[in-house]
Amino acid sequence: MRPIPRPTRLLATELACVRGGRRVFSGLSFAVGTGEALLVSGPNGAGKSSLLRLVAGLVRIAAGRIELEGGDGDANLGEQAHYLGHQDALKPSLTVAENLEFWTRYLDGGAATAPALDAVGLGAIAHLPAAYLSAGQRRRLSIARLISVERPLWLLDEPTSALDASAQAMLAGLMRSHLASGGMILAATHGPIGLEGVRELRLGGAG
Amino acid sequence: MTALAAILTRDMRLSVRQGGGALIGVLFFLIVVTLMPFAIGPDLALLARIGPAILWLGALLASLLALDRLIASDYDDGALDLILTARAPLELALAAKALAHWLTTGLPLVIAAPLLGLLLNLDPTATGAVALTLAAGTPALTFIGLIGAALTVALRRGGLLIAVLVLPLTVPVLIFGVAASNAAIVGPVPFGVPFTILCGLTLMSAVIGPFAAAAALRHGME
Amino acid sequence: MTLGPYAAFILGAYGIAALIVTAMVAWVMIDHRRQARALADLEARGVTRRSEQRTGDPRTGEVTP
Amino acid sequence: MPLIDLANPTRFLAFTSRFLPWLAAATVLVLAVGISLVASAPDDYQQGATVKIMFIHVPAAWLAMGCWTLMSIAALGTLVWRHPLADVAARAAAPLGAAFTAMCLITGMLWGRPMWGTYWVWDGRLTSVLVLFLMYLGVLALWRTVDDPSRAARATAVLTLVGAVNLPIIKFSVDWWSTLHQPASVLRLGGPTIHPSLLTPLLIMALGFLLLFITLHLAAMRNEIMRRRVRTMLMLQAEAAGR
């Protein structure tokens, strides 16, 4: 695998997003440097999820620009980011290991899944079908994807939902090590996610 | 390349496992062909004459109706979002999914056709011709159906809507498929002529299908 | 016992019947072995079914460790 | 040991493990006797030696229909009496029923070929067995698509009962359909009264087939119980790994 160039900054200028004819937000500018995390907060419907999906390239940009300075030139932004949505993208009839192996091979061609499974505490039940997992366990399996595939930018949509206290602490640890290794995090949350020194971007406050 | 191989093996594994739809297409094909004589009557000579048409219509409907979960299941559980953000091009990913679907649904149709030929009193040459034309034609049905699956991915009306949308596109494949089979049996026209056209149609749809489906998915995003 | 002109069909019918019977027997035995191995493996990992977790299983009466 | 006690899966497993070898031995014995009788049975004056195919075709047809009746009773057990082993019995019986129906169809075609010159003539009886085969495949497909056993149990029980109610209707309409179009009356399955020298091998073979079915069914039920235990233990393992 050729070394992945380390992007220096995620820069958004005058972003606007329209979904289903409704202007979700407009004139939004922000920047996230290496080792930094930006929390997107605001009432439901303020466009937190839309912003993350827009950055991941899953939603069309109505106006403005978004770019990853210093990133991998020929890969678009979505290919250098992990998008962790509300859904877990897991197939119930596949086992825990098969699910993670698939995403690891599909997203970056590698195959080292064991360390990632142990990091999220699912190593012991890797052979079980995902159908038998609880919501919290499915969430942790989805998070394991962020570890087994190396991507600089993490786009997390309410990552702590369905996680109990110990799992949230584990996630906070993972995020800290990601930031320490020069990664960037853009997370949409309702409350704090256990990270210190984090900037906040309020959406739809006045609205 | 490993990414496309990964999605191909995953889709095939999913359709074979519990809850997968691998044999549903063949069962539908079996039942549709068995119903025909109940409507047409047990006249063996008549059945033998329209046998290829019955088998082709059954295979056509079975291929299309089994496609509604092809992309919709990935859309429902969020896998489609990740596929869109992967380095592997969407067109090739959809082509791999279509190939996996053909191997688990289309190919069994080709294998089941000779058995059903017995019910329709087809002689060996006719059964062989139908099986050969189905083998060449069913991939085209799957790739064309792929476009329908991509168009209806977010809608709740999947299955039948796909058939309605893409049936007109499958008319050429049906015409040359049945023509090639009849050419082998009765055949004023040599078997080769309609058969090569059929193969051409399949190759063309193997290219147009994935690209049109990828475009449909991208434009389908809000 | 002469099977007459259609001997092939008679033997064919009995052959296929025997084939189906062996297939059924094989399916039952292989499935049994697979489930038994899975059960043994699970018991080895110390997974006990909820009804056996109580000190004594009321229905069968024997005390499970 | 009261039969009702078999409702308890653990007791049922112990019972089958002890009884199966004897049943299997009895099956082999009866089938061996049956086949030797078939070998020495006289030819039919009309069909010659091909009548020997009847000795497996007819028992397979009886078993095909008998198995669906068994599954319907099991379906009542699931829906009405909530018998714990009812669904296990139905799920174990379906593949066997489908296999015997397939055997009936294939032997029927091989028997028909010398008579009619083609493998398949839309004869009333054979066609209703074909529809029965499709219904078996339908039930098996429904089991394969619903993964949670208790939900699958109720769904397949309803489908089996609806099928059981419709079977006589299908049989009547297919017979009517085949006689409506059919020129002369086709092969009489064994004629009005079967000649005694043909009847005894037929009954022996039928008994052999029945014993074979019972043996396979009990063994398949045992597998199904073990399969469900494995499933619950796997779920327990998932729970044990922490929410």
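Order of writing sets the chain letters: A, B, C and D. Residues in each chain are counted from 1.
In the analysis below, contacts are C-beta pairs under 8 Å (C-beta built on N, C-alpha and C of every residue); 3 or more make two chains touch, one makes a residue touch a chain.
Computed from a predicted model, the values in this text were never measured in an experiment.
Ranked by how far their CA centres sit from the centre of chain C, the chains are topped by A. When every chain is represented by the mean of its C-alpha atoms, the one lying closest to the mean of all protein C-alpha atoms is B.
Computed from the mean C-alpha positions, the centre of chain B lies at a distance of 37 Å from the centre of chain C.
Between the Cα centres of chain B and chain D there is a gap of 33 Å. Put simply, the C-alpha centre of chain A and that of chain D have 54 angstrom between them.
Note on chain placement: the centre of chain A and the centre of chain C lie 47 Å apart, centres being C-alpha means. Annotation for chain A: residues touching 2 or more other chains are 92-93.
The multi-chain contact residues of chain C, meaning those touching 2 or more other chains, do not exist; every residue touches at most one other chain. Each of residues 147, 234, 237 in chain D touches at least two other chains.
Chain pairs that touch, as defined above: A-B, A-D, B-D, C-D. Within the complex formed with chain D, the chain B residues making contact are 18-21, 23-24, 27, 30-31, 34, 37-38, 41-44, 118-119, 121.
Here chain B touches chain A in the complex through residues 2-3, 5-7, 10, 13-14, 17-20, 76-79, 81-88, 221-222, going by the rule given at the top. The touching residues of chain D, when paired with chain B in their complex, are 109, 118-122, 127, 130-131, 134, 137-138, 141, 144-147, 174, 177-178, 181-182.
Every residue of chain A that touches chain D in the complex is listed here, in rising order: 92-93, 121-122, 124-125, 128-129, 131-134, 136-137, 164, 166.
Those residues of chain D that touch chain C in the complex are listed here as 8, 10-11, 39-40, 43, 48-50, 52-53, 56-57, 60, 95-96, 99-100, 102-103, 106-107, 110-111, 113-114, 212, 216, 219-220, 222-223, 226-227, 229-230, 232-234, 236-237, 240.
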